[in-house]
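Before any comments, here is the structure.
First chain written, first letter: the chains are A, B, C and D, and each begins at residue 1.
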Amino acid sequence: MHIGLVGLGKMGNNMRERLRDHNIEVTGYDSNPAVTDVASLGDLVAALPAPRVIWVMVPAGAITDSVIVELSEHLVEGDLVIDGGNSRFTEDFKHAELLAKTGVNFIDAGVSGGVWGLKNGYGLMVGGPASEVERVMPVFDALRPEGPRDEGFVHVGEVGAGHYAKMVHNGIEYALMQAYAEGYELLDTKKDIIKDVPGTFKAWQRGTVVRSWLLELLVRALEEDPEFEAIEGYVDDSGEGRWTIEEAIENAVPVPTISASIFARFVSRQEDSPAMKAVAALRNQFGGHAVKKAD
Amino acid sequence: MHIGLVGLGKMGNNMRERLRDHNIEVTGYDSNPAVTDVASLGDLVAALPAPRVIWVMVPAGAITDSVIVELSEHLVEGDLVIDGGNSRFTEDFKHAELLAKTGVNFIDAGVSGGVWGLKNGYGLMVGGPASEVERVMPVFDALRPEGPRDEGFVHVGEVGAGHYAKMVHNGIEYALMQAYAEGYELLDTKKDIIKDVPGTFKAWQRGTVVRSWLLELLVRALEEDPEFEAIEGYVDDSGEGRWTIEEAIENAVPVPTISASIFARFVSRQEDSPAMKAVAALRNQFGGHAVKKAD
Amino acid sequence: MHIGLVGLGKMGNNMRERLRDHNIEVTGYDSNPAVTDVASLGDLVAALPAPRVIWVMVPAGAITDSVIVELSEHLVEGDLVIDGGNSRFTEDFKHAELLAKTGVNFIDAGVSGGVWGLKNGYGLMVGGPASEVERVMPVFDALRPEGPRDEGFVHVGEVGAGHYAKMVHNGIEYALMQAYAEGYELLDTKKDIIKDVPGTFKAWQRGTVVRSWLLELLVRALEEDPEFEAIEGYVDDSGEGRWTIEEAIENAVPVPTISASIFARFVSRQEDSPAMKAVAALRNQFGGHAVKKAD
Amino acid sequence: MHIGLVGLGKMGNNMRERLRDHNIEVTGYDSNPAVTDVASLGDLVAALPAPRVIWVMVPAGAITDSVIVELSEHLVEGDLVIDGGNSRFTEDFKHAELLAKTGVNFIDAGVSGGVWGLKNGYGLMVGGPASEVERVMPVFDALRPEGPRDEGFVHVGEVGAGHYAKMVHNGIEYALMQAYAEGYELLDTKKDIIKDVPGTFKAWQRGTVVRSWLLELLVRALEEDPEFEAIEGYVDDSGEGRWTIEEAIENAVPVPTISASIFARFVSRQEDSPAMKAVAALRNQFGGHAVKKAD
């Protein structure tokens, strides 16, 4: 099988390598001349056998949008675009509709695994027409981890379902990370009792109820920097967590841990908190409680 | 009526003044010679007519405890101790039992109103024997706000009930403050749309569903410092909020807003968050996401 | 002054009455023939002096939208539409733009006060051009509560600002209600100690830090039904709380108490919780803990 | 090595089997004659070689307390008691002190793994004197999972540290379960998009960021009952989660996801919510919003 791959950044580059290792022929395109295989999207399309398969692996939002719009001008009936980025599922409806105008098919693929995917394979959640999913199954099989197919790949539903599942996956991920982090902080705070914080996390890797891949990563991180001295408690978020909460709100689903996780990230990025200034001002007003003066 | 008042700090001093303004004779004792009326607790007891009434208004915990223990050595059958501080209700059981050994009575009185109580009167929630509550009603009537007695005073139950109600009052107070503070931050963040944040809070004072005394205080605070430029978002907590959550946990009562309020205060006091360091480290491990290096 | 008022339901009807009591001439239109003053929107427009002022007070969303679209076909340059419903602020941009095509002006007005507004007046937060706001100030003055104008009325900013402020107001309102409710549940659960739950809330009305209008309403509710025996713990939500959280998420503002309040409402409406089924199933899987069998 | 084991319930019985499979001689005692090896604690002590090792595996609280008190009357200098139950760490201080009076040593062992421990081994976190931990390492090695010792066992610190770590482990566990459960509910609610909820969880088992043992158990549970039709959303809690929050509160550590998890369990067990009755009553008071009448 021979596919096109648009976007050769951290993720795309690894995926090209893993695909080639699994005997999928890949022609890659990236705006960075140092890594691209062809000079333009047009050249990419020209290089592929029909019906074409093009996997788009670029940042969600405007960039994905512009790539798909440009592809829609080059591709023809029977071709297929797979969006493997972290697009919002509502974008998928728009893209599928645009491409359908010229008979081009669309699959959305949620891809999990980060930088470890090259070695471990990627967890895949896809949405789209069954016949197209079937057609590119060799690609999915190359990307997904070893083991039974249904433990690393799922055809979740029609267009949008793959990214929807990935969005929820990431919302869960936020809360899992926050859960370990709260436990870490409590152990770290009780150093009079807990004499080996990294060792405690390490020992949770086998036999316990909390064992997981994230736990293993936390153990690695603690081995590299046992007190997290080199790291600030500043945490970005890339969108899926927010969308998860918006979807939950839209559907009246209570998500207290996922929302707590994202709020903790928001706070982590604030120099100072307007809200807590207001609370400090209030306490001062009614109780004469001292406030901490800003410098 | 003539009572003793132990503790002439910010609260006690105001209460002495209000009591005297309402024709209650008050002999005050404080370890600070500049404000005390008598030289010692012993002198205070000697100065009062039997059966004595002594209102204790000192910091909760060890200080309240030591004052009540010392009083128990001076007082005699039929005397009464009122603990008006923010003691944990479980302390009341201990103090009542100690005093009961020599026939001394005990009332716990939750007192709300802060520095405004001198002028507005204090909201009072008391626990203890009905006959004793009745006996000192002139004191409660002097301290409580103008208006119907039952809108500023309540006999909540037996010993401990007054402080229990005050504890819950303060738990609610935490969440109310946090609610306004979250709204403040959202308005403050949307200055492209909201052109008058202080004016918006000011306009909520009449007619709206959110009008309250705390809102009025927030308006005052914003009039003094419309951007809270002089204040850091650093907020202490004095115990009752924590106890409220512990009681909730003990009794399987969900208190998501009260706990969120106290957690927000905890975070506000942290230089950096161990938990968020852990999350940052995790993101770096799986996704190669950049971390913010500590200085 | 003579204005048109579209929508004579619970809110609109009261507002017509209050306006007329304050010497504003009102011609009302409602699709319900029993309450309307005119037969159609066209008749309403015809009945008003130019430049016209029409206050729209119908349910937010599709109905408000259709009314404003229809009005746009009747009104002419210099006329003014005021949307006093609970529209999302983003709708205001759309409506202002539509009306501007024919030179019709637009003001969005957040209105708080519920069924009490007839008697107490309504808290008003408005957005739109200053000259138009000035022009209809007699209407705002008639609707707002007695007292200084700036304690019951605010011109928050341009179009959208009024509804934005109202949205945040309602988000705060959700959290305030939840705060009292959590305290109520804790007191209610500790009836061994708290012998007078309604009396405790009643006594908080004067002097305390937690006194507010909502507290007064809770006291009223407890006087009518001291154990809430006639009420189910089932709570709807009407949109503004959800939008507040979506705005907070969009702007990276942490709102833990507002979100906790809305999640509590979501849960209150569930027959059974899919999430808690999953937790029960998990505990059963790892610990052999008994699950409660569905009937 | 030959040890005594008190408590042959679900956990103790499995542990006896695993220990014997790993060539540890075990004499078990249980009040249930059907499973016990000896007739009394006295007989158990008599049956063991000095210095004795007795592992206590009975319900935390009063039962553990009474067993250790009774053992303290039988054991002699140099003997060792290991509490493998889920005791609160503060109990350990008390038990160690009691046993130390007669020279008996004490180790607290947090044990994770549930019913799967027999096959997989148990994750172990222990507190106590290093020399004693060393002495009974063959027991720990028999119980812990295959693999490197430090991935399934940790000597966390002095007495109390093992149970402290286990408490935090369980707090994390609560939040992890809640995280998956929230994601489950969102997927389950969006069945118009998500056509295969169990398949989605199944596919997350390899390659994804959220893969974990709990996820595997959720997959098993969904295989047994894909819609959780036989299960009610009713979830108990056994203490450690509550203690985690109390410790967090005591140490000013924010734990929003752990507390959200336990509050969700509290709510899951309520027939009706007093708090939400109060909110419903409030909405009715200010807005005339309909309440749902109790039957």
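Basically, contacts are C-beta pairs under 8 Å (C-beta built on N, C-alpha and C of every residue); 3 or more make two chains touch, one makes a residue touch a chain.
Here's who's who by UniProt: A, B, C, D = 6-phosphogluconate dehydrogenase.
Remember, it's a predicted structure, so these values are computed and weren't measured experimentally.
Minimum number of contact steps separating subunit B from subunit D: 1.
When the partners of subunit A are compared with those of subunit D, the chains appearing in both lists are B, C. The chain with its CA mean position farthest from that of subunit A is B. By count of C-beta pairs in contact, C-D exceeds the other of the chain pairs C-D and A-C.
Inter-chain spacing, taken between the CA centroids of subunit B and subunit C, is 32 Å. Averaging C-alpha coordinates per chain places the centre of subunit C 46 Å away from that of subunit D.
One finds 37 Å separating the Cα centroids of subunit A and subunit C. Within subunit C, residues 114, 178, 180, 182, 185, 189, 209, 214, 253-256, 260, 263-264, 267, 275, 286 each touch two or more of the remaining chains. Remark: subunit A residues 89, 112-114, 117, 120-125, 127, 144-147, 150-158, 160-161, 164-165, 168-173, 175-176, 178-180, 182-183, 185-187, 189-190, 193-196, 199-200, 202-215, 244, 247-248, 251, 253-258, 260-261, 263-264 touch subunit D in the complex.
Partner subunit B is touched in their complex by these residues of subunit D: 209, 242, 245-246, 249-250, 252-256, 259-260, 262-264, 266-267, 269, 275, 286.
Remark: subunit A residues 10, 114-116, 177-178, 180-182, 184-185, 188-189, 214, 217-218, 220-222, 225, 228-236, 256, 264-265, 267-268, 272-289, 291-294 touch subunit B in the complex.
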